[in-house]
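Next, two complexes with chain A in common: one pairs it with chain B, the other with chain C.
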Partner chain A sequence: MTLDHLKSSLKPGFYAGIVALFISVIGMIETFSNRDIIHGVFSISHTFLVIIALITGYFSATRAQRAGIRQHGIDRRAEVVNAIAGSLIAGFVMGLFLAVLVVVANLINLRPVFVNVTPKLIDLLTFGRPSLAGSIVPLSMFTIVSGLGGALSLFRSDIRRLIVTSLLWFAFAGLISEVIRLSLSRLGVNVARKFVTTRGLTPLGAAVMLALIFAIVYASQRLRDRQRRQPDQSSPARKRAVRFRSWGLIFVLLLVLPWVVGRVPSDVLVLVGIYVLMGFGLNIVVGKAGLLDLGYVAFFAVGAYSTAILTSADQLPNIQLSFWAALPFVIGITGLAGLLIGAPVLRMRGDYLAIVTLGFGEIARFLALSDWFSPVLGGAQGVVKIPNVVIAGIELADPEELYYLIMFFCLITLFISWRLEGSRVGRAWVAMREDEQVAESMGINTIYYKMLAFAMGAMIASLGGAVFAVKLNTVFPFSFSVNVSITVLSLIIIGGIGSIPGVLVGAFALVGLPELLREFDEYRLLLYGVAIIYMMIVRPEGLLPSVRRGRELHEDEMAQDAWGKPAEVIPVPANPELSG
Partner chain B sequence: MATITRRIFLKRFSWTGLLLWALRIGVLVIVLWGSISTLASGRYSASTWLALLIAGLAQGSIYALIALGYSLVYGILLMINFAHGEVFMAGIFTSVFLAEALEESGFLARHPFLTIGALLLLSMAVSTTVALLLERIAYRPLRNAPRLVPLITAIGASFFLQYAFRGFFGSGFKVYPEFGRMMGQWNIFGANIQVVQVAVFLAALVMMAGLYWFVERTKTGKSMRAVSEDKEIAALMGIDVNRVIVITFAIGGMLAGAAGVLRGVYQPQGISFFMGFVPGLKAFTAAVLGGIGNIPGAMLGGLFLGVFEGIGPNLILQGLGIPAANQLKDVIAIVMLVIVLIFRPQGLLGERLAEEKA
Partner chain C sequence: MNGEKKPVLELQNVTTHYGPILMLQNLSVEIFPGEIVCLLGGNASGKTTTLKTILGMIVPTEGSVYLGGEKISGLNTMEIVKMGISMVPENRRLFKRMTVRENLEIGAFLRTNGKSLDEDMERVFTLFPRVKERLNQRAGTLSGGEQQMVAVGRALMADPKILLMDEPSMGLAPVLVEQTFEIIQQINEQGTTIFVVEQNANMALSIANRGYVLQTGKIVLADTAQGLLNDSMMRHAYLGEA
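Right after this comes the complex of A and B.
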């Protein structure tokens, strides 16, 4: 028996090694080591490395198995040997990268160039033996963990799924242990301390959590299996009732959420809400009308600044409206700004439009910062002393209360986008996105509908801006960088363009999680970048695709997007605005 | 004559058309009014304008080198390599460490030209590597996707690179060392011209001439032109299209790396992970201005943008009574991009029409 097929394991190990080396050198490992999944036992950075090693082991094992079958035919015992050997080799290769890092860092001081290769990082990688000999530690450790990953591939698929999903949920619970701690401490500080500390779950808490998650995952899998065996044959009316009830349940959960989690998470929830709102708005522009707007932050800024100026006593002392009186003006001004920016830009081709809107986003910030406008916009100091919102005599000062304001706006926007979906306007947008020339020849005034999408997107962003202004009670130009546009864009791409649950999930994952885990902040845009590239290449429809979008994308199984057909397939000069 | 009247009077009336005309006239009025009132006030002497012009040319030649990367890639793949600004940043940000080390060891003071050579080599190597990795990982799998998809990927890649370099080298600002011999000034017609400005301009010119020669006279250049005309036919003629694309990205990366060193020598301050974003946007403007996909166009566009950016705020905005006009330098560049795209999307020299090839 030759061992040729084990070569196939080198590649996954090589890639995993590069990834592990990369996240070590850029400092992610060290940053996350301050937070534990299990207090004092297992940090988040270890979790990252272990997950990488497990995945590597799993993939290399299946690769080695397949290569073995190709060369030597089916043989159950050889398969087991191949899987284990393959994953061990891959893990060894991966560990080698980190071992080399440890050796190099021992011999030369890398810190003047690579600022994040600190003694602490080496300490972490070697589990406290930062000497030359310590380089054995990552080598052996990742070989073993990867071997475990390989062993995982030998389990029956349903058992494997159970283990993997439970462990992933457990890791997630560890990530958000801060929220768990804050919610539990409302029951009593002593109760909370038993299960969670500020650094992570306690061993007891971890055991309880793991058991709980295991039970839930097991139950839900059993349920799903049963459903698969006996397909649901209830009447459509009953199905609708079930769906209605589950949405109702989610709604009630959302209503009580701020009082469950407490003040700090509520503050995060308000921010998430603002991004959900902007996600809905950008979904109209990008998802429905197919216009890639990279300067969405400009409208957010116009909304925030106009709210600030109209309500604050400091700027334009003659005008001092209440939030509700100012709101129609804010929406109107931003809508106008949308038309103003849109009018010259919308005739451009899609990719030019993207870059030009990006430029407009930057212009908004430059103008807000400039001396020219500082008498009105306050320059670098921004506008301060924005009064809180008052509803029926109640001042919304706390994040728990502000949450309902943003939720109200979200629901309105949600209702609007839902009703737009099948309306004449919505169908016109879809037609335009699919093929502009055909749409135009069917009598759709494309410029009008593009302007409409742009202005609507702008107005929705202005609501987000208004809430942002009253949330912070101040506005600074620095809050309106290009990062906001990119965040909104990433969240709708990752959630699934045009999909409403996608926006919710995207906003929670991309905005909420990094706010709760401040360590993420530094690597936020790095991870968004990776996520965008990955989604575009592997899953352009997003995690939770909208039904129509998913169907459009998989018409033929080419990974393509619905902004047009690839130029090679349709050589007609279709759609000068969007497609090839 | 008849055709002109017909074009003006018989064209269907549309509000957007009217708006565009209003915009056209508005821009013209603002530019004329601003410049005339500045010139009439006599705030600046002719030698000041000359100094601004030379500074603008030096700045513009750096833009031109970056713009060539956009233009070359666009010419061949019809995609905007949005991450090209980060390719530029990668080179200069890496080379600053070598520059610091060489300065400390005293090598720089002894052999300034060798130092610049070494910096160029390193910067170009890093930028080229980044450009090639981008092509391989982010763009190649999407070669046949609709054009907005690689653009979105490029945006993702751009932010990934920025924050990866921030992770590698930290978020602080770095400073390029000073090159003694380049710090002098010449006095020409009463204007103070810095030696470094002339040197940067000349170096960029040499590189651009080299590129022009490469594309027009060598066999590889010929195959690049062929691929940009028609990928399929070029492949049928026995050209390895993948190789040509890789070479194009490599050349773009090399030029961006060289631009990085020139930028470091010319403006030593403010080298950080975020430094590629605005120059990238401006170089894209320059490429569009000259006619994207057109090599001499990118050179001309870069120089023009540099000069316009140097002179524009002082000439136009100050005349309009806007305080601290130089703060709005970047705004001018972006507004210019919008105006060019509205009124002449094919650019100054664009034989390749933006819509036609689309």
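Right after this comes the complex of A and C.
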């Protein structure tokens, strides 16, 4: 028996090594080492490396298995051996990259070129043995971890799913340990201290958390399996009732959320909510109408500034409306801005539209900064003294309260998007996105429907801007950079264009996590990039796709789709030489 | 023929440019109620351009288009479609990711009364029983023949006064071509005027009342179907006779 097939494991190991080396050298490993999943035992940076090694092990094991089968036929024993051997090899290759880094860092000072190759990094990679001999540590460690990943591939798929899902949730719990700490400390500081510290979960907390997560994942998997085995034969009405109940449960959870997690996380939740809202809005523009708008921040800014000017006690026009009295004007002004920007640009094709809107986004910020408008917009000083929102005599000052305001707006937007889905307008958008010319020949006024989408998107963004203004009680031009547009677009791409739960998950991942873990901030764009490229390759429909998008993007897997492509005109026989 | 009747659709000395390039030159076409009229011509002779001009996707540089005596050139496509013209585009061009039902519904987009929508669906189903079976299938996964049916059905959903068809025979097997033309005849018998653009002159003339022949943007021949079938130049150039 030759070992040729084990060569297939070199490649995953090689890639993993490069990734591990890359995130070490750019300083990610060191940055994240200050936060632990398990206090004093396991940091977030270890988690990164371990996850990379596990994935590598898993993939190389399956590759080696398959290569082995191709060459030597099916043999259960050999498969096990191949899987383990393959993953060990890959892990070794990956470890080699880091070992070499340790060795080189020991021999020469790399810091003039690679600023981030600090003694601390080497310390981390070698678990505290930064000497030349310490290079053996990453080598052996990643070989073993990758081997574990390989072993994972040998489990039955349901058991594997159980393990992987539990571990991922556990890692997630570790990431948000600060939130867990803050929520628990509301029960009592001493209770909280037993389970979580400011750096991460305590070993006890980790054990409890892991057990809890394991139990929940196990139970939910059992439930799902049972449902799958006995296909649901209940009536549609019953099914609807079940769905209604689960949505109701989610709704109640969302309602009590700010009081569970407390002040600081609630503040983050409000920000997440603003992005959820804008995600819904941009989904109409990009997802439904197919218009790539890279300047969405402009409408967010118009919303925030018009709220500020109309309500501030300190601003020149001195209008001092209440929030609610100002709101219709804010929506109207921003909708108008949408039409104004839309009218000239919506006649352009997709890629031009993207560039022009990008420009408008920046123009909005420059206008806000300009001296010319500074008597009204406040220039670099912005607008201050924006009063809080008052509902029925209650002033929404705390983030826990403001949360309900943004949630209210989100629900309204959600309702509108949902109503649009099956409506005439919704249908026109889909048709327009698919084939603009034919849509037009069916009598769909494409310019009108594009404007409608654009204006609706703008008005929804203005709600986000309004909440943003009253959240901070001030607005500054610097809050409205192109990053806002990019974040909103990224979150709907990652969540799945057109998908509602996708927006929630995307906003949480791209806005919530970086707020909770400030370390993320530095690498935010890197993470966006990686996440988006990954999504584009593996799941172009996003994490939680809408049904139609799924259809659209996996189209080439469908048979018989070759019709209607103009290139495939079959000449008609009765038409010899003379053509017009 | 139909000397006293007023034409449903009339092109009067229409000239069309693509930018600086002259495409249609002084085109005059009349189509009377209840007729099937065909426009014959080879590749790139300007047939599709003629239909686009009628639908207002291209504005003629000279001349005008009239629908039922009203001038429509200069109006936008939506307004023209609303006045009762609908088109089966070249290559069908269904909304492939939408279901068959959704495609049909889009066809009736401009009709808001809602009442006769079901009636028109029924009409499509009687013409094409197959379409009814496929209602919830993605249009892109239909066979070529089925796509043709849906494309025609979609155009009929607008309940048009006049139906424009751009090369309905294109890319279809001979049997299907024949079926398609039978259906066209049937639709016509139900009262819809039809203007069909074709390269397949034999087939088109077998059902048409009259025909025009287009060459590099100019009409070179206009006659009854029988007249065209007997014309020596026609027989030579378009009817495959040696």
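Just so we're on the same page, the second predicted complex is superposed on the first by the 552 of 580 C-alpha atoms of A that agree within 3 Å, B and C clash if a C-alpha of one lies under 4 Å from a C-alpha of the other, contacts with A are read in each partner's own complex, and residues count from 1 in each chain.
Simple rule for what comes next: a contact is a pair of C-beta atoms (placed from the backbone, for glycine too) under 8 Å apart; a residue touches a chain by one contact, two chains touch by 3 or more.
Model, not experiment: these values are computed from the prediction.
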Contacts of A:Trp372 with chain B and chain C, given as first, second, both or neither: first
Partner contacting more residues of chain A (chain B vs chain C): B
Which superposed partner A:Leu358 touches (first chain B, second chain C, both, neither): first
Which of chain B and chain C A:Asn190 touches, first, second, both or neither: neither
Touching partner for A:Tyr528 - first (chain B), second (chain C), both, neither: first
First, second, both or neither for A:Ser157, with chain B first and chain C second: neither
Touched partner set for A:Phe114, first chain B, second chain C, both or neither: first
Chain B and chain C footprints on chain A, overlapping residues: 558-561, 563-566, 568, 573, 576, 578-580
Footprint of chain B on chain A - complex, ascending: 22, 25-28, 112-116, 292, 294, 343-345, 347-352, 354-356, 358-360, 362-363, 366-367, 369-372, 447, 482, 486, 489-490, 493, 522-526, 528-533, 536-537, 540, 558-561, 563-568, 573, 576, 578-580
Residue ranges of chain B touching chain A (in the complex, touch as defined): 16, 19-20, 23, 78-80, 82, 97, 137-138, 141-142, 144-153, 155-164, 166-170, 277-278, 281, 284, 288, 322-324, 327-328, 330-331, 334-335, 337-338, 341-342, 345, 354-355, 358
Residues of chain A defined as touching chain C within the complex: 424, 427-428, 430-431, 434-435, 437-445, 548, 551-552, 555, 558-561, 563-566, 568-570, 572-576, 578-580
Residues of chain C touching chain A in the complex: 41-46, 55, 57, 76-78, 81-82, 86-87, 89-98, 102, 105-107, 109-110, 138, 140-144, 147, 154, 158, 169-171, 199-203, 214-217, 236-240
